[in-house]
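First chain A sits with chain B, and in the next complex the same chain sits with chain C.
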Partner chain A sequence: MQPVRVFWTGFVLHFKQLSASPFMLGTAAAWPLVYATLAFLMFRATDQAPSLLYAALGAAVMGIWSTTATSAGGAIQQQRWWGVLELLVAAPARLILVLAPVTVAISGLGVYSIASTLLWGRLLFGIPVHIEHPVLFVISIPAAVLSIGLLGLLLASTLVLYRAASAFSQALEYPVWTITGMLIPLSLLPIWIHPLSWVLAPTWGMAAVRHSALGGNVGIPLLICAALSLAYTGISVLLLQHFERLARERATLSLT
Partner chain B sequence: MAGEPVIEARALRRTYRTTTGVVRRKPLEVEAVRGISFAVERGELFGLLGPNGAGKTTTIKMLITLLLPTSGEARVLGRDVVAEAREVRKRIGYVFGGDRGLYERLSAYDNLRYFAELYGVSGDRQRKRINEVLDLVGLRGRESERVEGYSRGMRQRLHIARGILHDPEVVFLDEPTIGVDPVGARELRETIAGLIAGGKTVLLTTHYMFEADALCDRIAVIAKGQIVGEGTPAELKAGVEEGRVTEIEVFGVGDDTLARVRALDGVNAVTVEERDQAQLLVVQSDSDREVTAPILAELDGIEIGRVSSREPTLEDAYVALVTGAE
Partner chain C sequence: MTTWLRIFFIGGAVSFRALFAWIRPSVYIPTLVVGPTTQIIFFAYLGRTAHLESDDWFVVGNAVQSASLAALFGMGFAIDGERWTQTLSAVLATPASRAALFLGRSGPVLVNAAITAATGFVGAAIFLDFRMPWSSVPAILFLLLVASYSCTGLGMVTGAVGLRMRDVPILANFAMAVLLIFCGVNVPLDALPGWMSSIAQWLPVTHVIEAAREVATGAPLSAVRSDVTIELALGTGYLALGLFLIRFFEREGRRRGTLERA
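Let's look at the complex of A and B:
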């Protein structure tokens, strides 16, 4: 069995399934427009603010995180409601290869966020979409999406045994925006928060996206983003092994 | 491995732990399966037959590695279901009954493609194998439609297609015809019979007597977590062939009266079937005892309709075994 194939097929089909939901699609495409509008108006009001493209990209990634925070925490619970979780666990593929595509597909809906936000900025606010390093930009976007999806997987794996998983995950929506620099530059945050920002892969994914679009070092943020994403995957593997054993003991796979 | 059973359960036991109460929670243990043992040979269609809550699904879930046994041991194709779960999973297929368990917004083809990948069906074989199973379950031509538009019978056939995609040696079917209309259920039974003709070993759980009788080579009757009878359908029937069944139509029989009928000499089992205004009292008794008159005496004062007597069927054997466990 080829893990990459299993992951990719899972990602494509879950993405297809999510894209067939008008609610998910509408949320992913429309919600970031609210963030973007607020950010554009705030940034316009001050001379010291970064460029409007900076705000547009931040709003788009905020949209990706919002979709992930509201859906990924309860992703395993969702599979359980559909009656699919038992079948996924009964398959010989490793649980990480089954569940990672689900959360990455949720964050993958972010491509709609990026497209709608850049279009909105261009049409309503006349923001020119000039990308400094187009190739690196094309690499940075999936890196940011993947890092957010894997953070979602970590959340889903941590919270899987709790029925309030979804609510807790949603409560993390605003704090993560703030401390990963999606909305405002990290330099504006208190120094003691910085270590927390550094261990969150989306911080580096966001930096890579912005640097590739506006200029700056892209390689280091991309590497750190990849390393942290790998670490999240490793922790998720251990958590899911533990969860599977516990679920087989407690008979919770088929419960709703 | 020659001669070794394909599925083997030894003193398998499963207890569920739960709590009662809201403020002062008290731990509660429910014994769903209480030390059952059986073996299934290669190419056999073995039925686990029992009423709802008898422990059939719990047993099947232990065998397919979704539940850990509290004690006892189970092996599938010679592999331990606890220590070698992944190896067991590669070699078995699992199908359960009901509406759930499918990605509704995806097509049947996409559902099958996903599970083909999870079961390691290689890319070049996938399309051919998916077409084969679609042919087998009669869904060819409908595979590009979204599952949300499928009827219950079609969903169930898709479940079977998913369960056999990777060509497993052993297939576990947990009440596959539940909720399916009679025509759809008959088609499903033909598909199940086709699995055996294709050389697979099948373990089927059901609470439909005629289904077990029509399909199974051997049946284990399970009640209250224990096996209360095992054999071929003919052997199980033979267990009650020496007896006799008396059916009495009554109007408004009470529990006290039923208890007195059960206590009569020669009476082995008594069940009551609700029929609109009336109830049908089904009494199994020894053939050498005349029980009709004593029963009618116990029913004195209750309005009585038709009274008849007949030969026992497999259903009577099942009822006798299950009620004997109560």
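Let's look at the complex of A and C:
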């Protein structure tokens, strides 16, 4: 139970801390409205486009990735700037249990994104929010948030030695939006992209959210999403162990 | 006049280099080279999803609009960056002409913005098979400079507001969002609500995007003269407003002692 307690305590702490930042709240709650508005206006302009609720759900999950891409890539660097990275590494808890709550809390801000986007669509564009399977929808949302957070962790673990990690992860904002089917159906993308989409957990998280809201199979996407999230965690553990050892050997842990 | 020109050219170039020290290739390439291309690809595919306009329509709109990325953030850092390096008071204590000081910085920002926008066209040619007549390329390059000019004007305004407001990046993001939604970048102006398309007429990039879309299909530059003239006039208006605001906020900052309060 101790790992769960460490993770949960860290998650709550970071979520509260991030929720107090106007910049993070702006990114989470306001920035997705820009893309939601664009999607609503584009989809409304033709009669062949998917439904506006489809757009609203996609824009909401895009917001979760935006927040994660903006901050998660540089999450470890951020701890370094704050001067607490050495303390975190020295703590008796495993490093993954200390860092995973940071990136999951960042993606957890996506709840603001979902709330603001659905509300925006309802109030300004009159989009009815009719959820086909409410219980599965409530399960799918945290699954999508968690999968995006763990993708963020994987990114942070991979980019730990790259000084411009933040810029790099921000550059992944549009590509991940494009290839995970958040607004664009995967069938429209070139075939060679599909395997890349399939190994990204947000693809399945988005599918679970969309199917639970609009109808369709939810179980399989949820399972694949969970399996990939688990895989990301395993890879992150290995990467963090490796980089921690390197940083200790070279005495570069606190160097920016 | 010699002093004015020296501050404009040499001061502008030195300040740009100093304030953009953070733009290393590891930051520049993901942000200003990869960014516009990925934006173009996303919206081209979103356009296919919505069955709205052709890929080329989205390529031109988003490539031209991406000039605002470098211009808005560039001017923001060119002005507000002084505060972060704690040199703002020293700069504003000099008797140098404010126009020479800040217009000089806008030159490199403008060129950088045009390069950023041009990378979008190159990316679209590689990934979306975007093609335009070779004869249109010089005119498109000219239009990118025009777009960068008007966006730099808007950047001067947002940068000036940064003398009063703390978070220039938030302001720059907001301005970019407005341009993305209102200016016919991804939604045709006639598909926007009337009030939005009316506002668009007064914003940078609306007119130059329309011009670039015509030129990219082979129209001569002379066919889009009125759009170019309006865009240049808007850019000049925003630049003038930005300079006025810099003077205004400088005076206010001195009076209230808030120049360095960030």
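Keep in mind that, in the parts below, the second predicted complex is superposed on the first by the 254 of 256 C-alpha atoms of A that agree within 3 Å, B and C clash if a C-alpha of one lies under 4 Å from a C-alpha of the other, contacts with A are read in each partner's own complex, and residues count from 1 in each chain.
Keep in mind that, in the parts below, a contact is a pair of C-beta atoms (placed from the backbone, for glycine too) under 8 Å apart; a residue touches a chain by one contact, two chains touch by 3 or more.
Fair warning: this is a prediction, and the values are worked out from it, not measured in the lab.
Superposition of the two structures on chain A leaves chain B and chain C fitting side by side, clash-free. Legend: residue contacts after superposition of the two complexes on their common chain; A:23 is shown touching chain C, with no touch to chain B. Taking the Cα centre of chain A as vertex, the centres of chain B and chain C in the superposed model span 90°, given to the nearest 10.
Of the two partner chains, neither chain B nor chain C is touched by A:187. In the superposition on chain A, A:89 makes contact with chain B only, not with chain C.
Between chain B and chain C, the shortest distance over C-alpha atoms in the superposed arrangement works out to 14 Å. Those residues of chain A that touch chain C in the complex are listed here as 22-23, 26, 31, 34, 37-39, 41-46, 48-50, 162-164, 167-168, 170-171, 173-175, 177-178, 183-185, 188-189. Of all residues in chain B, only 16-17, 61, 64-68, 86, 89-90, 94, 96, 98-106, 110, 113-115, 117-120, 123, 146, 162 touch chain A in the complex they form.
Of all the residues in chain C, the ones that touch chain A in their complex are 24, 26-27, 30-31, 34-35, 38-39, 41-42, 45-52, 167, 170, 173, 177, 180-181, 186-188, 191-192. On chain A, the positions that touch chain B within their shared complex are 1, 5-6, 9-10, 13, 16-17, 20-21, 82-84, 86-93, 98, 245, 248-251, 253.
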